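As written, the chains take the letters A, B, C and D, and residue 1 is the first residue of each chain.
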Amino acid sequence: MIRVGIIGATGYAGGELVRILTGHKDAEIIWYGSRSYVDQKYADVYRNMFQIVDAACMDDNMEELASRVDVIFTATPQGLCASLVNEEILSKTKIIDLSADFRLKDVHVYEEWYKIEHKAPQYIDEAVYGLCEVNREDVKKARLVANPGCYTTCSILTAYPLAKEGLIDMGTLIIDAKSGTSGAGRGAKLPNLFCEVNENIKAYGVATHRHTPEIEEQLGYAAGEKVVLNFTPHLVPMNRGILATEYAKLTKDVSWEEVKAVYDKYYADEKFVRVLDRDVCPETKWVEGSNYVDIGFKIDPRTGRIVMMGAIDNLVKGAAGQAVQNMNLMFGLEESEGLELVPMFP
Amino acid sequence: MIRVGIIGATGYAGGELVRILTGHKDAEIIWYGSRSYVDQKYADVYRNMFQIVDAACMDDNMEELASRVDVIFTATPQGLCASLVNEEILSKTKIIDLSADFRLKDVHVYEEWYKIEHKAPQYIDEAVYGLCEVNREDVKKARLVANPGCYTTCSILTAYPLAKEGLIDMGTLIIDAKSGTSGAGRGAKLPNLFCEVNENIKAYGVATHRHTPEIEEQLGYAAGEKVVLNFTPHLVPMNRGILATEYAKLTKDVSWEEVKAVYDKYYADEKFVRVLDRDVCPETKWVEGSNYVDIGFKIDPRTGRIVMMGAIDNLVKGAAGQAVQNMNLMFGLEESEGLELVPMFP
Amino acid sequence: MIRVGIIGATGYAGGELVRILTGHKDAEIIWYGSRSYVDQKYADVYRNMFQIVDAACMDDNMEELASRVDVIFTATPQGLCASLVNEEILSKTKIIDLSADFRLKDVHVYEEWYKIEHKAPQYIDEAVYGLCEVNREDVKKARLVANPGCYTTCSILTAYPLAKEGLIDMGTLIIDAKSGTSGAGRGAKLPNLFCEVNENIKAYGVATHRHTPEIEEQLGYAAGEKVVLNFTPHLVPMNRGILATEYAKLTKDVSWEEVKAVYDKYYADEKFVRVLDRDVCPETKWVEGSNYVDIGFKIDPRTGRIVMMGAIDNLVKGAAGQAVQNMNLMFGLEESEGLELVPMFP
Amino acid sequence: MIRVGIIGATGYAGGELVRILTGHKDAEIIWYGSRSYVDQKYADVYRNMFQIVDAACMDDNMEELASRVDVIFTATPQGLCASLVNEEILSKTKIIDLSADFRLKDVHVYEEWYKIEHKAPQYIDEAVYGLCEVNREDVKKARLVANPGCYTTCSILTAYPLAKEGLIDMGTLIIDAKSGTSGAGRGAKLPNLFCEVNENIKAYGVATHRHTPEIEEQLGYAAGEKVVLNFTPHLVPMNRGILATEYAKLTKDVSWEEVKAVYDKYYADEKFVRVLDRDVCPETKWVEGSNYVDIGFKIDPRTGRIVMMGAIDNLVKGAAGQAVQNMNLMFGLEESEGLELVPMFP
């Protein structure tokens, strides 16, 4: 039984880790870390867990935690994991960091986009970017996994095969993404109040959102060239789900079948990536509560562009589900253990 | 492996049966019945099931079905199950009917409230009302189970212990219930359009809703007297969830602890009933996607009334989940098999 | 032109006052008071007002304000108006208080339910309870109007004629109310976050909600007896709207027509009260954005009860609209001036 | 008083026409046409209009209508207006067609995208494309106005000044649009059911949506060149509102101020176009219920692109509001008469 500690267990991503791990037959949560709710019963914070989780919340003492668990999930704000991690901790336990601290390989890019100093740059190289479908083998050997961002997971996987195979002109790539509100976290902030979000849609962080360099870096690896793109997130009045609509010029004349074959080359054996049938557009509702990424695409012969669309549940494949998928890989378990979550509709 | 057939697999309750049974280790769906979508791939109707369910929809030939499955779920409009069931079918297979056909013991009450003739009154006596927490032993032996309605399940379980113990004056009982829109089914009707439901709340079926006699009958058995009550359903702009708020005069002066003890007497060992802590009001979101019933109550010394509140997911404990719970009982399985669904929040 | 000052102009009710008064031909807002946003442009707080309102927010200096305006609206938390009002102010200007400070005639009841000391009990007697349809003549002469609460307005008007005419047994009256989330205000509180409210319904303040004594007092005046009742508010995932479902035993055998005649006796000439046709249940969406109260009812011969239903827009008839209606009365204007708001659907 | 007839008065756009015209001091609706509800009271179809509109629905006899009204609004499916219009009708009355019949100047493009034969191509030339801010002078003289589509209005106005001034490379323009569900109409269709739309987002009509050629044609006029672009609509779980996010390469190095000046050149005197302050992104909620178009933009120096964003209420500026604005122009009224609608928030 893998002993699990969670730091940040009372955020939405932390709560989703608890939901998923509760159904994982080889893992047991023994530390529900939450600085804000120390000593309060976890089930008093998330009442869905009443009579399911009996534990109280603990502080975020990573040193102590390291000696008690096999893996630590940090579902915390940027900077926290980097400020706590050290060699002793990493010698005792594995870390899966759901924050952005170890996602970007260039510390300057991190500091520029996140406006904070990186406190543990010495681990950036070692950290494995935990996009399982792309870095599976590296994840298996990792001590420290940087779990990808929600927008990032969706945006990258939707375009990855085409970028990898040179089918799209990376200089023309535009990603227009739409997210449910749980992506904004559980902080009590005015813009996230029901009345502000409901019956409303808006773009935000235009040309400045922090997931941009992460997408650029990873798609750059795939394409084998530096990628600079436009990424625009939008806030949608729903709890869960991200839809990424991506536009790029095709580098050659291809049919639907040819593009499908490229997707299949990379994803045919991927349990959690579903490339949809012709003319089917992904909907976030079809993946809700599950670890799936649904991908569809349409070639527009009029403009020579392809429109790629990807949908995920931001809290599952975009956060907690992928983190558990990484854990499974790191511990040699069946990759889908605990993740056989059937999407819930409606 | 229990072979399962579903008639009405493409309604919302049918779809939920598929979701739940897909995760059930001892059951296998071999017949996805749907008159409207015969020969279409099930996953084309419910795309959340893409790459999970490979089968196509079948018609509702109950005769043939009976010879191929161990249990038939009928998630169909009123009247259909009663029009198809016969001795030969019941000799070959068990039936769990999610419609109202066999819920009411008095055929005249059925015909009066549902405005249709009952085609198989000879099975009404045999049919067991499948409210597992109340009729568990009878369910275990049943061939034909009448799965309770969604409003009904919530309304009855919320008041049951107090009715049974004579703690409330049944003549004063008023049930004000609120339901998500999936309860209205997947039919393309104008009042269920997004723009008609969203940003709106209304009562409907006031003093005439068909779940009324079902609630009255069952609470009448509990109280040992004829019960006549007001039941008012409301349509709420959400997909899932029922909240019942119930008012009654207390028959004696009792404390919170005493009432809690009465609830515990009936529910302490019930896995799927969670009686909440003092001053905690149930929220539908805390049970979403799960088979739980959450119950809270408040004594109002000013009026001498108790306000009881119960919350369920109408598609799970209010339909498909309870149906699977009944199946588990009928086949001697662990009652919670396939139903260890952790509520999804947010 | 009536010069208007608003204290608390950046709450939801304050914002609605601005929306309504912007379309009022005889009133002009000259003071947008908002302690939290002093010196910020009002249109930066409510961007719907961009290029419509040019003013910046002011503090809540009621003394100065009194010398500059003809009427002050206080859309502020409980206690503020009472702590600021004095004879000098009232000699210079009229006050319409949207808080609860002057709604209850018994200061002890106020202090018991609101848990704060009343700072200006000397004005309680003078203050007129501004339910225009009931107290129209008194409002016309008032210096200080206590604008009714949102739940209260809806709850009272729905039952008022029947209470007044002795048609219902007041000891059996139960009010089950459902409100949109704007009623909870614009404060950044966790329970009001989108993800906590959306796809959820709950009761709150059961047996303790502060609008209870207000409803009891006013319906007590109508019935000519002390009234004690159950009032249960619920939070609904929508921005606007209150629906009150009210249950009471009829004191005699009456037909729908007879009850309708009683409603008509009081409301036939009321522009803002619409008594619906037989079997039509009010929906909050049909009054959204308007000052209407829609009322429907159903007699249940089985139980001897009547189910009354009322719907309002909580920010209009439940707050700002009624406040403007009171202002119109106080200044001798057409009562509906600025309130000819056609409900917006969908 | 302008006598108005509406054909299609019971669709959502028709309903909005009624709402707006009810508050218009110089117009009076004398014909509520609705083939589906002939002889039913209009207020029974739209109960928000109870006690406001007393009329019953009429059929769509355009001949008779023409002799009784000064202007006919056709808020009907494609093809209807073209099949009914003729010289006699146009000699007696003006027509504002909210369908697509006369929006496209090339009948072949119309027939190709709409898959129907055009029944009155002889009026295409005469018809004025009723985008008031662009074609004001022509609208004033028109007998037949083609009221622009909802997506179109938003998409065009957002980019128009930059297209006109050659600031963007039209070959790179991509429009990613998001719409509330009222845009899908009031037909009882499964994909528009509450449970299908709520908690969901999807793209649809990718590379094939019928508003594409309309946007291309109009922006082509502005740019003085043939324009071919990608337009992708998305369905958002909200009733009202369209947000268009538009991407294009800048043709030269410009500052925010310079782009703002270009917008101001065209819109500074436009009452209904609000160009927002720097770094403010439009939100559909800020224009809800009003005739405003809110526009914001962000220059991305990293990619050399500009991201333009526009928000409208699809039923107002995207349909009924603009239609009334056209009517005002055609009859020499104040352009904003009846349209001084303050956006409703929340």
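Heads up, the rule we're going with is that contacts are C-beta pairs under 8 Å (C-beta built on N, C-alpha and C of every residue); 3 or more make two chains touch, one makes a residue touch a chain.
If you're wondering where the values come from, they're calculated on a predicted model, not measured in any experiment.
The chain with its Cα centroid farthest from the Cα centroid of chain A is C. Comparing chain pairs B-C and B-D by the number of C-beta pairs in contact, the larger count belongs to B-C.
Separating the centre of chain A from that of chain B, both taken as means of CA atoms, is a distance of 36 Å.
Between chain B and chain D the centroid-to-centroid distance comes to 45 Å (mean Cα coordinates, whole Å). As a whole-number value, the distance joining the C-alpha centres of chain B and chain C reads 38 Å.
Residues of chain A in contact with two or more other chains: 12, 182, 195-196, 198-199, 237-240, 283, 285, 288, 346.
Chain contact summary for the complex, chain D toward chain C: residues 12, 15, 19, 22-23, 46-52, 182, 198-199, 239-240, 274, 276, 280, 283, 285-290, 294, 340, 342-346.
Chain B meets chain D in the complex at residues 12, 181-182, 186, 188-190, 192-199, 237-239.
Chain B makes touch with chain C in their complex at residues 172, 174, 176, 178, 180, 195-196, 198-204, 206-207, 228-230, 232, 234, 236-241, 243, 245, 247, 281-285, 288, 298-300, 302-303, 305, 307, 309, 311, 346.
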